[in-house]
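Each of the two complexes below includes chain A, the first together with chain B, the second together with chain C.
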Partner chain A sequence: MLLDQIIIQTVNGIVTGMILALVASGLTLIFGIMDVVNFAHGELFMLGAYVGVITIVATGSFWIALLVATLVIALLGAVIQITTLRPLLGRDPLTTILATFGLSLVLQNYALWQFGPVARKIPEPFTGHFQLFYLDYPWYRLAIALLSAAIIGALWLFLKFGTYGIWIRATTQDRVMASAMGIPVPWVHTAVFAIGAGMAAASGVLFGPLVGVNHAMGLDWVLKAFIVVVVGGMGNLGGSIAASIFISLLEAYASLWVSPAQAVIVSFVALILTLLFRPTGLFVPTPK
Partner chain B sequence: MSRHSPVAFWTGFAVVLALLIVAPLVLPEFWRRFVTEILIWGLLAMSSDILIGYTGMVSFGHSAFFGLGMYGAAAALLTVKPPNLWLAIVYGLVAAAGVAVFVAYFSTRLRDIYFSITTLIFSQIFYVMIFTWTEVTGGENGLSFRRPALAIPGLFSIPFDSNSLHWFVLAVVAVSYLVLRRITRSPFGMVLQSIRENEPRTRAVGYAVERYKIVAVMLSGLFAGLAGVLYAVHNRFAAPDYVFFLISGEVVIFNVMGGIGTLVGPLLGAAFFLLLREGFSRFFTEFYLIPVGIIFTAMVIFMPQGLLGFLRRRLNE
Partner chain C sequence: MSGAASPASPLVAVEEIHTYYGKSHILHGVSLTVGAGEVVGLLGRNGVGKSTTLKTVMGLVRPSQGEVRYEGRAITGLAPHRLARLGIAYVPEDRRIFRLLTVMENLRTGLDRAGLDEARKQALLDKVYRYFPVLADRGNQAGGTLSGGEQQMLAIARAMMLEPKIILLDEPTEGLMPRMVSQISHIIDALHQEGVAILLVEQNVPLTLEACQRVYLMEKGVVRHHAPASELRDDRAVIHQYMGI
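Let's look at the complex of A and B:
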């Protein structure tokens, strides 16, 4: 039976890992390009889920909700970047932590005020199950993993081949040079923040059906995403994805023996060990 | 460092101290407790200023030291009969120091935001431990206990009322302030500030930067633990909420609002924050963090020197 459990937890771990990767890749994209540690990322995830709830109530379609939430939160992200982060450009990255921490307090309490403490539910877009040993495993969970992978893949293709993606990468490499070549660097930053925010919102909607949507759901995720981003190597997209799956698998296996609340400690320990032995991140080439 | 003469400093210190000594005699009960709370949070804010303002390491994990100070005091007050104030302080400091050694050893290997994130994660480790280890820590409900008496064995023993508790807290905070001020002006404090200004150069000059950082985190943790003990004695409970990282965030807010690297600034920031909270919670009830968060974010952008730096510049003009 233990083997069955391990396989089930492996599937669970990969599914959560893909959502986490979606959250963390937005965070790491924002960090890598703008040197901004976005403390409000979890709140964007949470607000995305709420926009999803509202849209589903209005339209009845999960897919429209996913799209609307992504666009609305991307727009919110752009507004946040322009009003709050743009004035901080060129200052110590630490000030961005402080500013986004302030924002996260505002957004979280706004959600509590607007939507109340009772958790909302997003219905699953399809409800089929398949047999995984003794469990009825919902297809939806696998669909989440695939969708997340698709979104991340699209982001990668965009960064690799899209004109604007190349602008973004140029800005990462050398802000001043990019600006000298005529790339509108401030708007690239805005766009990147919007993309990261939209990805957080999308993962919020995708994850909504698995747990309730409430105002505090962002906290857990932003912490996990921070762990992932550090373990994977700050600003490294591939590393974050690998680390997301790694951390989620660790937690999934650990929760075979301890309660899920305590399983978090395993990922904390993974973080500490990483910092001790490989402070640049587990999934990056050894710096020369 | 300071353009003020020692005479001006000590006069100012004496005036503020005298005002705070008189405060409980003239203020109504609610505000009396409020002033005591400001002092305790102010001590916590000052302790983190050693890291944030003087060494340039923004700690997002001060709730761990504060909370462990609380739980350490709780352990002493619950296990030893009759409850002893001094033992509570010792236990609290030992607990906070234990955590501080652990956190300092690992987190000082990293710099800037990595340090912030690691301290944040560490405080969450302790939060999860305390939250889930229900048999010992009381889990979500925390622990409550009776307040010990202010006693020196063989000499006297008087139970605390709100006045004497205020004076006790004031004495501890005032002495801590003087000690911290002395530390920041000592050669050790100067090395910390040179780490803030230019770490590679400090290392090149021959200082063991890592060791200085570890000691700084430990010192900071000790004073934060002391604040935790005071808070536990003041409110007669210890709860996991106080280990949660939002408290660390509030501490950083105190610092930024008041002005980092000034010691007095964070205390002022704590007072300002608590007043804002008090004022806004009249209108916004529990959603006071919406306006406070907006004010904080605006201050990060427009007033990077904090209230104290802002006032100072205004006065100089």
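Let's look at the complex of A and C:
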């Protein structure tokens, strides 16, 4: 019986982990390239879900909603970067923390004002179930994990082989030298912020059917995404993905014994232990 | 400052630039020129502002006064990536290879740009592989795993990908073994033959006097002396005065 539960929780952990990885990889990409800790990332996730809700009402298609939300929020991300963060580049990191924190308050209250406090619902694009021991497990949950993996995989391929991917990696490693090689660094920053925002929006829409869409939904996720980014090693994409799955599995197993609300404590314990004993991150090679 | 004929319409003209790092005044009105296809040396002891002069030309440091001109046009305050597109390439003192990128990807940072077809890209790659055969063998190796000399070659090869009209070369032979130094010296000659201008900052006096047509000598943030290299080769007193050797 316990084995059944462990398998179920493993599946749950991986599904949540993949969504979290989608949120966190945008966050870590942005931090890696411009040293900006984006406190408004959760709000981009939330606004993505709302754009998804509106598009589904208008078109009836979940997949169009996923695409539209990703593009709209990517564009919003680009505008935010150009107007708010670009002027602050190279200043004390505290200024960008304050700026993105302020932005998160503005966006959250805008959503409250625009959409009201009542949670909206995104219907699942398909509703089938399969038998996982004693549970009717929705196919959609597995689909989320696969879709997230596909999006992250596409991002990886783009970074690895695309011309602009090389520009992004070069800029992440050495902004000054990238600029001297003719790479338009300010636009690379804007593009990366847009990509991160678009990925947050996509996760918002994908996750929408599992919880209600409301103005505060980003909060939980961004908190977890921050834990993941630190545990995975700030700015390290592969580390963030590994840490997303690791943290989600930890929480999933912990909730076998304690309530899910208490299981969150495990993540924080992992965070504190990481900061104490391996502050560069669990999933990065030992610094030489 | 004694007389060496500066080009009438220089490729790069640095005019009376003053540069600060925070509150410390580094350059106190530096002026120099580099003609098209000319190899010009910038000598001086450590900390006299040679590297800062290069950084200012490259747009990495903004001068508080003075102007930098390129092909007659003021470029002061233009972003470095624009200057790179105009034909100014920079090889910094610490090489600044993209350590986690492969050798090929390092080269692609300069190669992947608008208006360059595949044939031209291949021709450029073939050319640097001819100069630096080792880079062809190490194409898929991470830049950070190369030896110091190989990194220097990669840094120069990477700059050549931009098909620049001028290369700002900051202490290319620093810390290299003699065999590598002579290879760097050959590449400077080869670039000169191709008509690429070079502004060379060096501590290696013989190499500089050999490779350059004209030399500027800097002291405490200003150019103190300016002469044809041939003149300095014959008169070592000046070099002794400014370099202490």
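The rule is simple: the second predicted complex is superposed on the first by the 288 of 288 C-alpha atoms of A that agree within 3 Å, B and C clash if a C-alpha of one lies under 4 Å from a C-alpha of the other, contacts with A are read in each partner's own complex, and residues count from 1 in each chain.
Here, contacts are C-beta pairs under 8 Å (C-beta built on N, C-alpha and C of every residue); 3 or more make two chains touch, one makes a residue touch a chain.
None of these values were measured; they are calculated from a predicted model.
Chemist: Output check: A:88 vs chain B and chain C. Expected answer is one of first, second, both, neither. What do you get?
Modeler: A:88: touches chain B, not chain C.
Chemist: Mind working out whether A:163 is in touch with chain B, chain C, both or neither, as first, second, both or neither?
Modeler: After superposing on A, A:163 lies in contact with chain C but is clear of chain B.
Chemist: Just chain B (first), just chain C (second), both, or neither: which does A:106 touch?
Modeler: Once the two structures are laid over each other on A, A:106 reaches chain B alone.
Chemist: For A:280 in the superposed arrangement: first (chain B), second (chain C), both or neither?
Modeler: neither
Chemist: Does chain B (first) or chain C (second) touch A:184, or do both, or does neither?
Modeler: Only chain C; A:184 stays clear of chain B.
Chemist: So in the superposed three-chain picture, is A:5 touching just chain B, just chain C, both, or none of them (first/second/both/neither)?
Modeler: The answer is neither, since A:5 touches no partner chain.
Chemist: Report, in rising order, the residues of chain A that make contact with chain B in one complex and with chain C in the other.
Modeler: Common interface on chain A, chain B vs chain C: nothing in common.
Chemist: Going by the contact rule at the top, pick out the chain A residues touching chain C in the complex.
Modeler: Those residues of chain A that touch chain C are 163, 166-167, 169-170, 173-174, 176-186.
Chemist: Touching chain A in the complex: which residues of chain C?
Modeler: Residues of chain C touching chain A: 58, 60, 79-81, 84-85, 89-90, 92, 96, 98-101, 105, 108-110, 112-113, 158, 162.
Chemist: Which stretch or stretches of chain B touch chain A in the complex?
Modeler: 58, 60, 106, 109-110, 112-114, 116-118, 120-122, 124-125, 128-129, 131-132, 249, 252-253, 256, 286-287, 289-290, 292-294, 296-297, 300-301, 304
Chemist: Where on chain A does chain B make contact in their complex?
Modeler: Touch residues, chain A against chain B: 37, 84, 87-88, 91, 93-95, 97-99, 101-106, 108-110, 112-113, 223, 226-227, 230, 234, 259, 261-262, 264-265, 268, 271-272, 275-276, 279.
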